[in-house]
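Both complexes below contain subunit A, partnered by subunit B and then by subunit C.
Moving on to the complex of A and B:
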């Protein structure tokens, strides 16, 4: 299996609006690597650098053992699926899929064999003689995919391949993509701003913000142990509760409760960030839970939103002083709570995420 | 009866529709007549006998027809060679113009060149410059290089005069093409020249045809350069030859043959435009890149 490696890649943004835009990825091998980026970030620049469409100002791109930093895109043996699909409008589907192979001067027989087998795999064989303009969005997407697959490249690059599909189709194609690429023996780099795609497809996710790598981890760890406040707030829906709490000694004040801080927090800090996923907050009764394992808080529900499988409630915690009111959101079973109710929530201590209030970095106990 | 009222409604609804159609048709007819009247007049003159041409009051729609003026063109004059000269000069300048202008336009559209806006401004100024003002200078150049009575003396100026417009039009077409298409081609392994010829040019065919036809029409109709730089009888182009047709005597203006020459000289242009007009429309409708 080929590997892809980016060493100290540095690429300033073409737009001067973002002052520094570095992509410092060092020494990682990616299998199914997804970049979650927020719009306004260096969306496709890394991908374009790997493809050779943009040159880095510093650093190296390695495929396997080859340094391809200055190799033209066509000689890197990689395949790219573009967001707009970028099919050649004047060629039939067959010609589109075969174009890359023809340029490699493969024998005609082998080209048609490969095209045929890819077409069968992607259900494209009845469409082979059509023009791209006669295809639906989903079909064009499959043609773009076929064009990448028949090349049997060392690396696959996918630039938001699902963003032009409607929601239902996107879910279906997402599943197909996962199955197709599970069979491939090549790394896949997949850029998306959709966290669901990132979580479902990836074996490793890199979260980038402002061109800086925030975290590179498995989807499970990204979700359960976000490296900083940005990742914590970005991954997960509904969004994680992120509260800024006042510190007193080695405990933080949440409503009327004081929570012992993990050891990593410097006692000099005035405030600290606490993260807690809404689905980790459990409904309880006062005195019902073991305060060793969970923090017990109570408050008044002021908003409830029905998400279908469950209810997202927002409650205001009871406070000593009302001007410092704290809002907490929690997922509860549908029908159990209505607006104005007084509720008690249990916050499991092992699910609390602590972040430095200034740097936003995760603090582990 | 309930069924009559919709019928009445539709009848009442149809008559303004009908009037609109009639008025529209009449206006179209007027427009066509206005535009084509000179051509019709030339064509009628070319098939009238000489007596009908010269008589007063004018005979608009003759009762006698003749094709002798057309025959005269080809029998008494080397009209085939005039046509050949025109075709040669026009086709070569058009091809040269597209061949040089298209890569230039692609480079201007895609490369980050220093002073690109100045370059574009200059191109625009050149294309707005009245070409007649170049005439004296060109005459000097033609005589200095000794290319008078040589096809080059027409082909090169025609190409040069039409290049700015070709570059400007092709550039805006190239800019409209999605960049992803070129990137995809690069990843597929096309080199720059192959991207231009195999991916982009088929997509810009409508633009190529449009600018090509403009150049061709200019070269075909150009009179002043052709008159001055080509003095040899066998090298003359159609417009010059038509203007220089002479009658049987010095005092006779050969209206008939001139009209016939005009018609013969126009036919290739009309055929060309009609032929490529379909290509233009086809190109525009088949060009869908992404919905």
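Moving on to the complex of A and C:
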């Protein structure tokens, strides 16, 4: 099993310099999860650098213990699924899938065996003699996938493979992808801006923002312990409540309630960021909860949005001084609440995320 | 109500057809006037003798003109000259045009200026540039001889346009210089429509640049190559102005093209009937050549109509 490692990769994109810092990827099924903010080429740049289509100005790309930074793309033994699929329009599906093997001068018999087996696996065998222009979007996507699979590369690179499919098909193919790559022994680097794809497919997610690595972790950790305010706000839908609170000593002020900061959190600054997922807020009534375990707040609902399985309510917390109004969003059962209601919410203390108000970094361990 | 529906629909369709007919009629009339009439008139004229011998009165001659044509060595020589000129110039222009298009398709500093300069020869009037080339190949004052003498390759000036073979070479050089830009512009447009992703995918599969060229560039460029070749073939086969100005068909008829011979027959010898039969035969030969080319390419799996 091969491993892939990026060391201090730095690549200036057309305008800003985009350093992709130290991304050690050793394991077997990986995903890059990138947020493209400015130039649109951050995510592709990383992938293209791994593929050898772009050269980094600094740093190394390692596959296993092989330094491939300056190896031509064809000698790296990688397979890439392009966002556009990059199918050869003048070749049949069969020829498209076989093209890479032909270039590697495999025996004709083995080529047709491999093409046949991958075609059966991806339900492409009735389509083998068609041209790409005669296929639907989902079928083209499968051909691109087949072309990558039959190469049996050391690393798979997938550049937003689902972004050209409609929403329904995307969900179906996402499931298929997961099953297909579960059988593969090679690491997969998957670039997407869709958080659902990142969370469902990966064993590890790298969140990139502005070219910098924000967090490299399992999907569970990314969700439950976001490394900074950006990751916290980016992953999860509906978005996490992110509140800037005043603090005094080792307690922060949320509406009328004073919350004690967790142990070990320094409070030199006058403000602190508090994060709390809407689904972690629980409906309650005054005096209903153990204040040791949960913070109890109350407020008035001013907006309610039906999401189907539940209701997303936005409420204005009761304040000592009205000019410092704080809003909180919470998921509650459908039909339980309507606009204008007075509500009491329980905020479990172990679900609170604390971030530095200035740097945005997580401050509770 | 429902029974009336198809009737209403058919009257609507009829009206559409009527409108279409009115709109297309002028174009059809012009096409008939410009193409069908001259072709038909030439064909009829070719069955008559109409020359100084008949005092320019048409006298029905049956297929006599065609019989004369088969024994006319000058016609066959001009046809051979035209074929040599066409095949050589189109082949060289295609190769050179493709090379230039590939270079212009790369991004480099000053590409816009180079692209503009590259198209310039094509924008010049042929008669003007032919005068220029006649001087360039002049045996006493020509630049070519001067350069070759300075480089010490030759000691005495070569009479380029006075030697049958060299005169043909000179014509081909001048034609290549003028029309290669046309070919490269058409091919460049084709190259730009080929997605960069295909080359990157191919490179990741381990293809060398040459393999990418043969497996991706050439097949995907085939429609543009065919258009360029067909256009150039037709133009080259009917070449007149360049030859008329540079060599006038000489020396000793060695560069006389079909078009020049027909021009002489009609305008100098005033043999209209025979001239018309020359035109008809050349016309049919051209159609045959294009038909064979298209058929051959179809057999190779290339669809020209795409």
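Assume the second predicted complex is superposed on the first by the 335 of 365 C-alpha atoms of A that agree within 3 Å, B and C clash if a C-alpha of one lies under 4 Å from a C-alpha of the other, contacts with A are read in each partner's own complex, and residues count from 1 in each chain.
Just so it is clear, a residue touches a chain if its C-beta (ideal position, glycine included) is under 8 Å from a C-beta of that chain, and two chains touch if they have at least 3 such contacts.
What you see is a predicted model; the values in this text were computed from it and never measured.
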Overlay on subunit A: subunit C relative to subunit B, clash or fit: clash
Partner chain in contact with A:73 - subunit B first, subunit C second, else both or neither: both
Which of subunit B and subunit C A:88 touches, first, second, both or neither: both
First (subunit B), second (subunit C), both or neither touched by A:133: first
Contacts of A:179 with subunit B and subunit C, given as first, second, both or neither: neither
First (subunit B), second (subunit C), both or neither touched by A:263: neither
Touching partner for A:100 - first (subunit B), second (subunit C), both, neither: both
Subunit A: partner with more touched residues, subunit B or subunit C: B
Footprint overlap on subunit A, comparing subunit B with subunit C: 51-53, 72-75, 78-80, 82, 84, 86, 88-90, 99-100, 103-104, 147
Residues of subunit A that touch subunit C when the two form their complex: 51-53, 72-76, 78-80, 82, 84, 86, 88-90, 99-100, 103-104, 147, 151
Subunit B-touching residues of subunit A, taken from the complex the two chains share: 48, 51-53, 72-75, 78-80, 82-90, 99-100, 103-104, 131-133, 137, 140, 147, 164
Subunit A-facing residues of subunit B, complex: 178, 180-181, 183-191, 194, 199, 202-203, 286-291
Interface residues, subunit C side, partner subunit A - complex: 195, 197-198, 200-208, 211, 215-216, 219-220
